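Just so it is clear, A, B, C and D label the chains in written order, and each chain counts residues from 1 on its own.
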Amino acid sequence: MHNKPSVTVWNEYRHEKSDEDVRSVYPDGIHQAIAKFLLEAGFSTQTATLDEPEHGLTQERLDQTDVLIWWGHMAHDEVDDAIVDRVQKRILEGMGLIALHSAHFSKIFKRMMGTTCNLRWREIGEKERVWTVASGHPIAKGVRLHFEVPQAEMYGEFFDIPEPDVLVFVSWFAGGDVFRSGCCWQRGFGRVFYFAPGHETYPIYYDKNIQQVIINACQWAADHKNPGTPFGHVPEPLERLGN
Amino acid sequence: MHNKPSVTVWNEYRHEKSDEDVRSVYPDGIHQAIAKFLLEAGFSTQTATLDEPEHGLTQERLDQTDVLIWWGHMAHDEVDDAIVDRVQKRILEGMGLIALHSAHFSKIFKRMMGTTCNLRWREIGEKERVWTVASGHPIAKGVRLHFEVPQAEMYGEFFDIPEPDVLVFVSWFAGGDVFRSGCCWQRGFGRVFYFAPGHETYPIYYDKNIQQVIINACQWAADHKNPGTPFGHVPEPLERLGN
Amino acid sequence: MHNKPSVTVWNEYRHEKSDEDVRSVYPDGIHQAIAKFLLEAGFSTQTATLDEPEHGLTQERLDQTDVLIWWGHMAHDEVDDAIVDRVQKRILEGMGLIALHSAHFSKIFKRMMGTTCNLRWREIGEKERVWTVASGHPIAKGVRLHFEVPQAEMYGEFFDIPEPDVLVFVSWFAGGDVFRSGCCWQRGFGRVFYFAPGHETYPIYYDKNIQQVIINACQWAADHKNPGTPFGHVPEPLERLGN
Amino acid sequence: MHNKPSVTVWNEYRHEKSDEDVRSVYPDGIHQAIAKFLLEAGFSTQTATLDEPEHGLTQERLDQTDVLIWWGHMAHDEVDDAIVDRVQKRILEGMGLIALHSAHFSKIFKRMMGTTCNLRWREIGEKERVWTVASGHPIAKGVRLHFEVPQAEMYGEFFDIPEPDVLVFVSWFAGGDVFRSGCCWQRGFGRVFYFAPGHETYPIYYDKNIQQVIINACQWAADHKNPGTPFGHVPEPLERLGN
């Protein structure tokens, strides 16, 4: 693993420009808030947004990225399919993907999962309590058995995802719902983590517990490289060749 | 699969004899209440209890059992290790095991899991809401997305079990906790299901939702037989023998 | 489950028309050979092929299909993306998918997996021995611990798929390779099974062992229905509503 | 994680004393050969053997051990159950366990698995080829897609273990068998890895590929600590306490 893994924080970056409530919480955009605490945690960080050329996700940029964080909400459909193809290819080669909150409906997350990624939701600012159910997992390091988000958008089951390789967090909501809110998958040589807490007007990404999880997830997802496994036609049997 | 799988309901059967509150809910013992609805659902049913010779679990009885249901609470330690060995062996040969509620601390369940099976608990009669997170699983057939137990003992995370092969149910508790309350594992040729709802004084096993889950679990666990796979020394290489 | 699950066998059906060697083995097409033994096994069977309107996979046909078997090789790219969308949607609603041999590179299988589904291969007609590593699984019912395909195309690791929910078969090849040749996944409310043995000129689908696996897989995959789980906006908290 | 994880290499250490063939390969015992390359790889290493007091596995020693490697063959039954209890407890608290070759039948490995851990075997010195099927996993770092053991004891399927959390290696044997030869499980806060290659007279632990896998496995297993999760009675609902 690199001493300093390189994280690119991608943000749709629309809400912050169009909505005063969002701007007041994230004046420079959610991506900058996330990039800031990752930088302080020792990562090399860059940002990229929807309205940049190629959404800021050129091949060169992806090649230099160990972990891609994805935040989108209103404009999933505006992401170019060719860029989704490119990101998927890079994940399968070993880049990590961390999909946050409403990114459950992003093209790239649905592409990696193969399912609808649908869920139930409600927005009344209720309390969310995040429980750690895989305390031994690297993403749970230094994270309390339970911590709270005072005001959250409820995301509830049924969540249409492949059974996670490891289920790390389950959320409890005051209104009576539960959610598999922290889920890990291996895909190709890349690692994927979905983390549900987050919102565009609740200041969730300033929360130290939330930041710790995202920092841990970046560290975990960065620790994977494509070993250059050969594919394709194998002309001679290994046995005949004796090697 | 048998048309009529044979289920043996095992109960410690102590509370019902010593405690008036328990007896008033389960006058014939929890085992009889469970056996009754399984019989009505079309299973061949027997019961067995701790104080019978060999705890009612003779080799002959086990050999004729497709699914064993286990309920214990106060007297886990009184179960003879030799009987635990016998039950484990039979599970690994293909008998299903359904461990209910406080059976998380039974010798046989801990034996099958290899972990402490410890958890957090609280008994204030709070509401439990059971959520189905694997709606496509046979044990969830005909079970609603969520159903409630009006008064329950809280069992909460962290629950020290091996990551389930399939997580079918997650429970929400009014007091703020969550629990992986319905979990499946394959062990040897047998299937194991843990289902948390249940209590000795709340009338949980008369609940139609709870009964449906247990019926489904029996059907699911019965659908496995030991194919008689050979083990041990293999004198000749298959290749040399050409078969 | 239906007493008679409905299976649609889809075949690209090109090789059989263009290549005498293939036609001599499968004069009516691979789909008819597969449909025949499934019909004898008690399934309701239909076939569909690439060159039919909508590739034979109309919405009506899919709605009436419990399990879809997919065989393709030369013309994966000619499958219309809109049909792939439709099939994926139907799988996620509960239809089973059984992908055979070179269908590892079909659009629909790659869509369900989210990975490249790449592998290593060699075609020298070497011996394949299929080992059952999950003897207790329904797809292994009545299947021997090992059986052989006298002449097979080698498919070898690394196979770029998500870790299977259950790995049922592993193949040994005389030339020195191994392959995870029978793999199960749950996706949405549907079940997916990949089975590697098969070829367009080796008469593999006439083999009784191979047929048994495919019959078992159809039975297993048919046993799943979409319970109609609600998704989307949930206006009121369950707690406030008290239900 | 420690900069220098502490590994204790446990060996039955009987063969080396009683059998000239074994002694000629491992004059100081298999444990010393393993400890040597782990020391060179930067671990702090100790050894322990069956005939020491408490089999060398005092509570103090275990408390200072991050990863325990286990090698046993002839004398599994002589390991004291009380020591097995102690080791199991320590694994569940976070110590890693790496079980090598014939340790599949050790008391501690069977205890962690809950299954018979039985398998098929043959000893004719045939070639084993180890295939990496989870190339992205930390235990496969720097390990080739396939490597060979020129002369090996065959361990073959069916292997009666719980489905691994991650299957890292599958072995091919010249005689026609396959084996899931590298398997990972999480148990409590500890990580368990089983690695099949190894033998008392073939010089397998001098092989650089084998050493790389064991080094990787120690690094992987050391990366887990018990976060001190509370268990037991929880007197007040979190909701009532408002925290």
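Basically, a contact is a pair of C-beta atoms (placed from the backbone, for glycine too) under 8 Å apart; a residue touches a chain by one contact, two chains touch by 3 or more.
Predicted, not measured: the structure shown is a model, and the values here were computed from it.
Any chain bridging subunit A and subunit B, meaning touching each of them, is among C, D; the list is complete. Looking at subunit A and subunit C, the chains that touch each of them are B, D.
Counting C-beta pairs in contact across C-D and across B-D gives the higher total for B-D. Taking the CA centroid of subunit A as reference, the farthest chain centroid is that of B. Where the sister copies subunit B and subunit C meet, the same residue numbers recur on both sides for over half of the interface positions.
Rounded to whole angstrom, the centroid-to-centroid distance between subunit B and subunit D, based on C-alpha atoms, equals 31 Å.
Centres computed as Cα averages put subunit C at a distance of 37 Å from subunit D. Counting partner chains per residue, subunit C shows two or more touched chains at residues 129, 132, 134-135, 145, 156, 158, 163, 165-166, 173-174, 176-177, 186, 188, 229-230, 238-239. For subunit B in complex with subunit C, the residues that touch the partner chain are 94, 129, 132, 134-138, 140-142, 145-146, 148, 165-166, 174, 186, 188-191, 223-224, 226-227, 229-230, 238-239, 243. Within the complex, the subunit C residues that touch subunit D are 129, 131-135, 145, 156-159, 163, 166-167, 170-173, 176-178, 180. Those residues of subunit B that touch subunit D in the shared complex are 88, 92, 111-116, 118-122, 124, 126, 154, 156, 158, 160, 162-163, 165, 173-177, 185-188, 229-240.
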